[in-house]
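Order of writing sets the labels: A, B, C and D. Residues in every chain begin at 1.
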Amino acid sequence: MRNDTIRLLISCPDTRGIIAAVSTFIKDHSGNIVELDQHTDDSSGHFYMRVEVEEQGFSLTSDTFESSWAPLAKRFDMNCQLAWAGRKTRVAVLVSKEGHCLHDLLFRWQAGELAADIPVVISNHMDLAPLAQQAGIEFVHCPIVKGDKAAQEALLEKTLAGMQVDLIVLARYMQVLSADFVARHARKIINIHHSFLPAFVGPKPYHQAFERGVKIIGATSHYVPDQLDQGPIIAQSVCDVGHRDSVQDMIRKGRDLERIVLARAVRLHVSDKILVGGNKTVVFD
Amino acid sequence: MRNDTIRLLISCPDTRGIIAAVSTFIKDHSGNIVELDQHTDDSSGHFYMRVEVEEQGFSLTSDTFESSWAPLAKRFDMNCQLAWAGRKTRVAVLVSKEGHCLHDLLFRWQAGELAADIPVVISNHMDLAPLAQQAGIEFVHCPIVKGDKAAQEALLEKTLAGMQVDLIVLARYMQVLSADFVARHARKIINIHHSFLPAFVGPKPYHQAFERGVKIIGATSHYVPDQLDQGPIIAQSVCDVGHRDSVQDMIRKGRDLERIVLARAVRLHVSDKILVGGNKTVVFD
Amino acid sequence: MRNDTIRLLISCPDTRGIIAAVSTFIKDHSGNIVELDQHTDDSSGHFYMRVEVEEQGFSLTSDTFESSWAPLAKRFDMNCQLAWAGRKTRVAVLVSKEGHCLHDLLFRWQAGELAADIPVVISNHMDLAPLAQQAGIEFVHCPIVKGDKAAQEALLEKTLAGMQVDLIVLARYMQVLSADFVARHARKIINIHHSFLPAFVGPKPYHQAFERGVKIIGATSHYVPDQLDQGPIIAQSVCDVGHRDSVQDMIRKGRDLERIVLARAVRLHVSDKILVGGNKTVVFD
Amino acid sequence: MRNDTIRLLISCPDTRGIIAAVSTFIKDHSGNIVELDQHTDDSSGHFYMRVEVEEQGFSLTSDTFESSWAPLAKRFDMNCQLAWAGRKTRVAVLVSKEGHCLHDLLFRWQAGELAADIPVVISNHMDLAPLAQQAGIEFVHCPIVKGDKAAQEALLEKTLAGMQVDLIVLARYMQVLSADFVARHARKIINIHHSFLPAFVGPKPYHQAFERGVKIIGATSHYVPDQLDQGPIIAQSVCDVGHRDSVQDMIRKGRDLERIVLARAVRLHVSDKILVGGNKTVVFD
């Protein structure tokens, strides 16, 4: 992704003239559109659009955009999200003991695949502290003491606030977050579930898959909603299994799926390529 | 698949010496093994094996095999299924109104992909009669008159018996078969379900998939058990979908999955490549 | 695809304001954009766009569009292709002896998957005449008499002209068309090559794949250019193979790939979703 | 994979009685076969078999096996490879500057996915030394001084010999090894090529793929032969690309393919699951 562009994510009721109005607005402020993608959901009558504009030459700034844009937003009843050029999403990665997803995210981040900052790794265990520290990232231990989850979440919140975190990634974090916590970070928490949702909701999905004798297993990344293991799906991937695959083989194959599917969701989110409508995502990639 | 071979499908409790005993038995009767595949399910302690032997030179025949084999089968407590060379599985295809799976099976059969005879197509509607007749196959109309399913199933049974059918293929047959019917044809009925089981059990799975916002859809072929849409899975396949895909697009894409997954299951069954253990299949392909 | 929309396919050198100009033009003529997709190829500096506009309410017709549009086209140096609502692409399918691709196209066409008319099937052999005729399509036999290809192509041209054909689909047509013929139908001939191009160009690709010991085989649909088996690629698909797969197994598996990949290319073309730039395609799907 | 089993890899001309002879030999020495897989290549008349025997109870040892086995090997003209239980393949990983494959292999090794020892990482550059050292593995710098490749390969050989290396993995090692070096390590060097071979042999395959406009890219792991980028293929994988993917996107997507395909080849090799016949592999997985 280019880092010299402004990204607009727009959703509103569908009607005539939206694209003309938005593209004319940008042209009138000397902007150059380098990417425009839109979608109309016929079943809901909702319109979604992503526009990427070169910062150079654009006559509006983060200070002046809002007031210029307001009449247009009002006219079309738009919900608009704006990401300015160069601004990187700040990501906190939450983990427990399994390191494959964290390992993978850190490598991609170091390789420049993710246009994000990762200021902190947080865990209820100490096992993955070295991994974070080798990457030069602060590791914060938020243990659950005597089952007091409320205290732990308070510490979590304090850490996230202190680090000015925009996105929380649950990279095989094995704790259920409270409904309050999730509500405070709506659409800002991405989880990886190690099954092809909605098959095998709940714990130990690879064991369930083995028992059922499926011929394909999968992994799913999604935004965390109030209910367990539901929420708008961002990405899914699958691979073949057969009668020779034990539960352990499925877990091994599944790790590859989980890594790829979680990384894909994070990349899409930090590139401002996801819009959420109801319980679904519109992914402009 | 070669049509000049005998196929043995064996299952028994795992113990030492099974392969040596079977391969020596075959050698002692001048048989040449052209394919041997085996699997031990560590979780159940069960052993599965498929052996393919050239008919030419083999000193046993369908008349003499049984008595020679009996001591070995008894010693290992074997469940054994035997298919003689040249014997083709006789398949009845049951359909309702949608023709894509029937169309595909007929084409593969005409192209020589399926080592089977298809003496009859049966339907509760008349729509697909021309398709069967163009392929030179008898079409039998078994309508459900006044909701009398028992009468219809009696006609069905009579037709199947008259045609000496070995395998019943439900190629988008939209009726639920009675538990009695299914019990009489245990492991002899293959169904195609238009979802990636166990996701979206039940009616209108593509509508369910659309509502849930999944990024991958699938199809599943399986043996029909007593319960609806469960049963040992034989084959599955998937394809990507996105926010641009309407329910109609999913139905269109799904047709391709259904055709391929059902044809694969039929090919595996008539090639004697499937063993069933509990609620799972062992597929030697 | 909706059949009540007008499709514009535009390509031009990239510059500021194209989207604003086009979308404003449409709005100014009371048009409602239901789909807009665009792409800028940074390596060539070329801009591609597809716009789908509801016919209802649009104030321009096929008679008046050209003169209204001309100034805009000139200003941006646009290459523009226009498909009016309800107008179906007329497709001729050319075959030799192998029927799987024709069979598949006819079924999809009958099922309503292809927004096209298929007035004629043409072949240098008689084998597939019954297949065409069962579908109610005229079959024209264009044999190659005494190696006189020029005479055959003349007959071919006459048939195509008589049927007012827009698109020629080579559905495993085993003859090489002359450079003159191809030049007369530039970007109007789609071929299926039974390998994953550019691997295994030339004859008997499955035999080549078997000899090379690849673990994946593929199929490729593409526009026919002047050179053999090159040309802008439209769609590709692959499947796994292994040491157990003979050449015959690869041919069987490949048939499924060929059917799907050719049908996909035809669907995309007749839905006006393909733009060609140089030796590549831009596919808006 | 179990680490308490002995693996036999056998190849010989096909004839009657091989399986019976081998399985009886094992039974006669109190062995329990836990896995047997075989394949007859009809085109070459060659027979391949992999047998896995529990060490416990087996009456032969590495000292006594050879002499007991010899008559049988001679009778069938067998080529036999034997891996004793608990013996781990010693792997040297050769790299240049790109770390994604090394990173991935080290993580899998630490996670217990690879039944191997990795005593050394060798490179002609210093860039990846920290990665090896963080994993607790010795890093040996073998630079190419003044273009003197012979001197470098001598140092390489000395290092490999000192570490008693069984398998050399080229994890994006950007140097061509001399024919002599390769000949000394025949079938003991695995390479990853960043294309779907045989498409795009040679340098910069992603650039070639971009220029050609393919819709799928791939990666291939293979044994290194005397010629560049040929050799028996072990594993391949692919992913979709489209007109929106730049060369950089292809490189990014390709990294995921390369990691998975190389790791798969290494896992298969160190699990004694690959037999080579001519220019092809037989992979028993």
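Things to note:
In the analysis below, contacts are C-beta pairs under 8 Å (C-beta built on N, C-alpha and C of every residue); 3 or more make two chains touch, one makes a residue touch a chain.
Computed from a prediction, not measured in an experiment: that's the story for all the values here.
Touching subunit C and subunit D together: A, B.
Farthest chain from subunit B (centres taken as the mean of C-alpha atoms): A. Of the two chain pairs examined here, A-B and B-D, the one linked by more C-beta pairs in contact is A-B. Centre-to-centre, using mean CA coordinates, subunit B is 37 Å away from subunit D. Chain geometry summary: the mean Cα position of subunit A and that of subunit B are 42 Å apart.
Multi-chain contact residues of subunit B, defined as those touching 2 or more other chains: 244.
Residues of subunit B touching subunit A in their complex: 39, 41-43, 48, 196-200, 210-216, 218, 232-238, 242-244, 246, 279-283. Those residues of subunit C that touch subunit B in the complex are listed here as 99-100, 103, 107, 111, 113, 134, 244, 252, 255-256, 260, 285. Contact residues on subunit C toward subunit A in their complex (touch as defined above): 16-17, 19-20, 23-24, 26-27, 32-38, 40.
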